[in-house]
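Right after this note come the structures.
One chain, chain A, links the two complexes that follow: it is found with chain B in the first and with chain C in the second.
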Partner chain A sequence: MVTTEAMPQRQPTRDTGLPQGVGRLTPTWILFFVAMIVITAFGFYAYLLQVNNGLVVTGLRGLGTMAGATWGLYVAYYVYFIGVSFAGITVAAMIRIFRIEKLEPVARIGELLTVVALILGALAILADLEHPWRAIVNLVKLGRPQSPFFGTFTMVVAGYLFASLVYLYVTSRKDAASLAGRPSRFQGLYRFLAAGYKDTSDQRKIDRRVTFWLAVAILPLLVIAHSTVGFVFGLQAGRPGWFGTLQAPGFVVLAGVSGIGNLIMLAAIVRVATHTKDRITIDAFAWLGKLLLGLLVTYLYFTAVEILTITYQPGATEQGLSEALLSGTYAWIFWGAILSLVGAALLLIWQALTREWSIGLIVATGVLVNIGAVAKRYLIVVPSQTHGQLLPYPVGSYAPNWVEWAVVFGLFALGAFMIGGFMKVFPIVPLEEAE
Partner chain B sequence: MKTKTIITTLMVLIGAALMVVSYVFLATPACNTSVECSNPVVPFAAGIFVLGLVVAFSSGIFYSVYKGDE
Partner chain C sequence: MTKYAMAVDLDRCQGCRACMEACKIENNTPQAVFWMYVYRTETGEYPDTKQSFLPRPCQHCNNPPCVKVCPVGARFRRDDGIVLTDAERCIGCRYCEVACPYGVNYYNWRTPDKAFADYGTDSQDADLVSLTGGLTPPYKNPDLDQLQGEEQRLTAGSAHMVGVMEKCTFCVQRVDKGLEPACVDVCPVRALHFGDIEDVNSPISVYVRNRSTFKLLNELGTDPSVIYVGGRPPEPETREIERPLTEVRW
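Right, the complex of A and B next:
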């Protein structure tokens, strides 16, 4: 129900006639865009250094004789970004299939998050390659979808990204048609996007049918896609710590955890930035919190099983790896991740038991699970390379340097720029009839 | 049956067929005995797989936008 007090917040922007501040650049927004461009540019500069001089300017080194890690921060964040992409389509599909109306205001945020996260994931993996152009050409020419490495690109990045873009477009046409009737600098764009849309009962039926079947088609694709990323690690029999049946389901579940966590954080920012507090209510956050809790508890169970398995009767290499994780070099990251994830679970359980949900606490869980997810991604990628050698090589080490951090921060800034840019061109919260 | 439904169904079927054919037949290696013949039987098989996916999911846009039967 729309409250009288809340109405002025959703009035169209005066100087553009568009809702949610679309087309209106305030000094805060200009500052935000400039900051994101500067950080992205610095990341690009670091990347150019890497392209010109090779991966030697990063902290990455060869395995074995060089005692380093060939996959580091870039791959960890690639896995993280692909995981974040889980949220949008999951939420959107759930809304369509199970008709969860309370989540509808955050559907487009989620769909956009998916698209942006997939683009960032693709860029992160390209950053890991010394000759990315070779990969771009040869991937299409020589790639095999059966291979988890290439399947990751064909199914996850290409297929999943395209499917998400289709979904985002189909669900945005109605709002585009609504905005096309108002004079604004984006009127031509809205007319193009609306593509002759007329808000009739027949068209609504068509929309429901299309979005339902798209959701039904995308859900299995989503599970296959995230499992495929898990198979990149889980199918490598010669790498202790990676090889295992739990990798694929673990990737799917942690993808859900980080994705929902990100969606919660972004929804909290959007409701303030677009003055839509009356649309994105505590109900939507409570739904997301419950969803996050289910996934989080499942992932903690997987983690407990994983620890028990590698510590029960380990071989020599597995023992070295588990010691490095639990009490050695990586212990602070491992226990930090566990603390973040368990802390988030406790916050959610407490709210679920008391049935008193707080947006602030749910956002805090979103932050915590993302800290935990990034740390877990790093631990999945790196320790098995430095401490998981089956051949008699010395124990290795890896520390990302400023070039890698600059590229990663640049990617985050690029993602923020894309989301901010979208918000200034199109309503990120679906319009209501009154709008 | 409406033109819209026919074309949409065709798009889904053609897209699915492209994906299945490229995955099962075109992208398989010529042999598994040496590196020289480990490439896909048909070059750009992965591209054909992605094309199939694009065609299949584009059917959603077509079904939503096309008004030929009205």
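Right, the complex of A and C next:
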């Protein structure tokens, strides 16, 4: 008797009501969450080690007489994560401004990616600081707009993150309202999120107007915010290899490359994990592939200009630096990055010429450009410190150690956990009109 | 208006590195940290080589890149030209370190060993106690913990707090008392001079007048307060030889 009564009650929460596997934990998902928690916890352990003993436990050391690099993996990944955040909000904004409906199914994935990447970027920079609380308090209390870091903490992590969250919320409200109408274990949450939303034609008109103007406002913020991260390096006259006007635009474009690449990878995972292959189709991937190709070609052009500039008639220090990059210590990273970026570009060009797009190949380019982007970020941060001394200091060296890798992997796992968690609470692919 | 400057006479410097030692004793700097550093450099190819010495304190720039980039105003330039770090404000982002072309910034990667606060001695040693009266550690400059200047900020190096930046302060704790920096005071050949460069009659102004001088990397627009007299600036092919403590990287 008990079981027969219980069955119809449990059945709806388990199988009906929620699309895309929301609210349903399969063993694979449980394994995924546990694995992510374990990796994050290990990263946190490494971080605690660092907080308790000082940054001496990392591979970082002082410039000059200590012959090390004072910024290393953390800063490289901070730059990378901020770059990845480019994707989501750009795609979402492009959908509204240029009415690219084919991209609609990946819009929320992108918005979520932006939010998560910004959080990870902020955490990566906090991991680089010995006194995170002092940093947060002092930056609020004593922040100086003259410092290029100011843009990171205001425009990027605050303004941009806030705008992205608003965007994510505004575009999700309709789905929340539609889900709030049926019984499920998250009904209360959906009702709260929907906040009295009524799906009428007037409301849709308001939605369209709001998201359009929000998109128009976010796009310039995006360019400015990503530029400020480029300024962190580009404004330093005393560091060969950093000083240059190309840093800010180059940063924006490589941000786009890594961001779109990430979005492609994530969309491919999502369509399998949520059984939405019919929603996220090759059309969306082809669109992202074309966008990626445009950004990638621009970035390769910037890189070519950069290589010519540092090799044609360099100053003495720049020459040492370019030798280290092109044929010395960092050559394998540099040429590895070029190889993966050019390879990705060729894959995309070939698909564009034959007009035959394949999801597998587009995902492969997403992976390749992200390898290239991480390598390029590393090369922006490190070589100018070890090989860019203007006084007769010895050539420095830097190798990230396990503590830094553990923290970085922990950040990735945390990001995966957040995205996975979102997928289990809210449909990550916007619901179709019919639903 | 006082504007402090240091003159370094490269024709006089003989590379004894007493200034480095005096700096470490005055400021209790931890291991592998050299607020004052003396390069021993070599130029040319064998057999036509030339050796020279170049003391390198913080250049106390009048247009300091480190002050510009500091996100919280921990690094600041006083009206008298001394560039200082507020240990209580510094968040340890190390932006000043990468922005500085002279490599004078030292981050406290960890809490200094006690051995470097008391010079490796056992403070409870009976022989030592008879001399120090049991003070532990036997020597630690108490002035470093004091707030300095009109701003009353903790800028003299203090306890070399882990996770914050530090560098040469021109011995602000001594200068504010009317003394010269420790390195200047100790130099046996008077290669280092310190004083008010805006006072035309001050000893340092008189010293640099009519002598050939240069400032390190002045082409970067930093306008240092350290004036090198005689000698030549290091060239790109100048190499450092006989580095002290090559392997000390903590």
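Heads up, the rule we're going with is that the second predicted complex is superposed on the first by the 419 of 435 C-alpha atoms of A that agree within 3 Å, B and C clash if a C-alpha of one lies under 4 Å from a C-alpha of the other, contacts with A are read in each partner's own complex, and residues count from 1 in each chain.
Criterion: contacts are C-beta pairs under 8 Å (C-beta built on N, C-alpha and C of every residue); 3 or more make two chains touch, one makes a residue touch a chain.
What you see is a predicted model, and the numbers here were worked out from it, not measured in a lab.
When both complexes are overlaid on chain A, the residue A:M66 reaches chain C alone and has no touch with chain B.
Shared-chain residue A:G143: touches chain B and chain C both.
Shared-chain residue A:L391: touches chain C; no touch with chain B. Shared-chain residue A:L308: touches no atom of chain B or chain C. In the superposition on chain A, contact of A:F162 is made with chain B only, not with chain C.
Comparing chain B with chain C, the partner in contact with more residues of chain A is C. Once the two complexes are laid over each other on the shared chain, residue contacts for A:L353 go to neither chain B nor chain C.
Comparing which residues of chain A touch chain B with which touch chain C, the overlap comprises 139, 141-144, 146, 150, 153. Residues of chain A touching chain C in their complex: 53-56, 60-68, 70-71, 125, 128-131, 134-135, 138-139, 141-144, 146-150, 153, 232, 235-239, 315-317, 320, 385, 389-394.
If you check the complex, the residues on chain B that touch chain A are 22-23, 27-29, 39-40, 43-47, 49-50, 53-54, 56-58, 60-61, 63-65, 67.
Chain C meets chain A in the complex at residues 32, 34, 37, 39, 41, 56, 65, 68-74, 89, 91-95, 97-111, 162-164, 216-217, 220-222, 234-240, 243, 245-246, 249-250.
The touching residues of chain A, counted against chain B in their complex, run 139-146, 150, 153-155, 158-159, 162-163, 166-167, 169-170, 173, 195-196, 206-207, 209-210, 213-214, 217.
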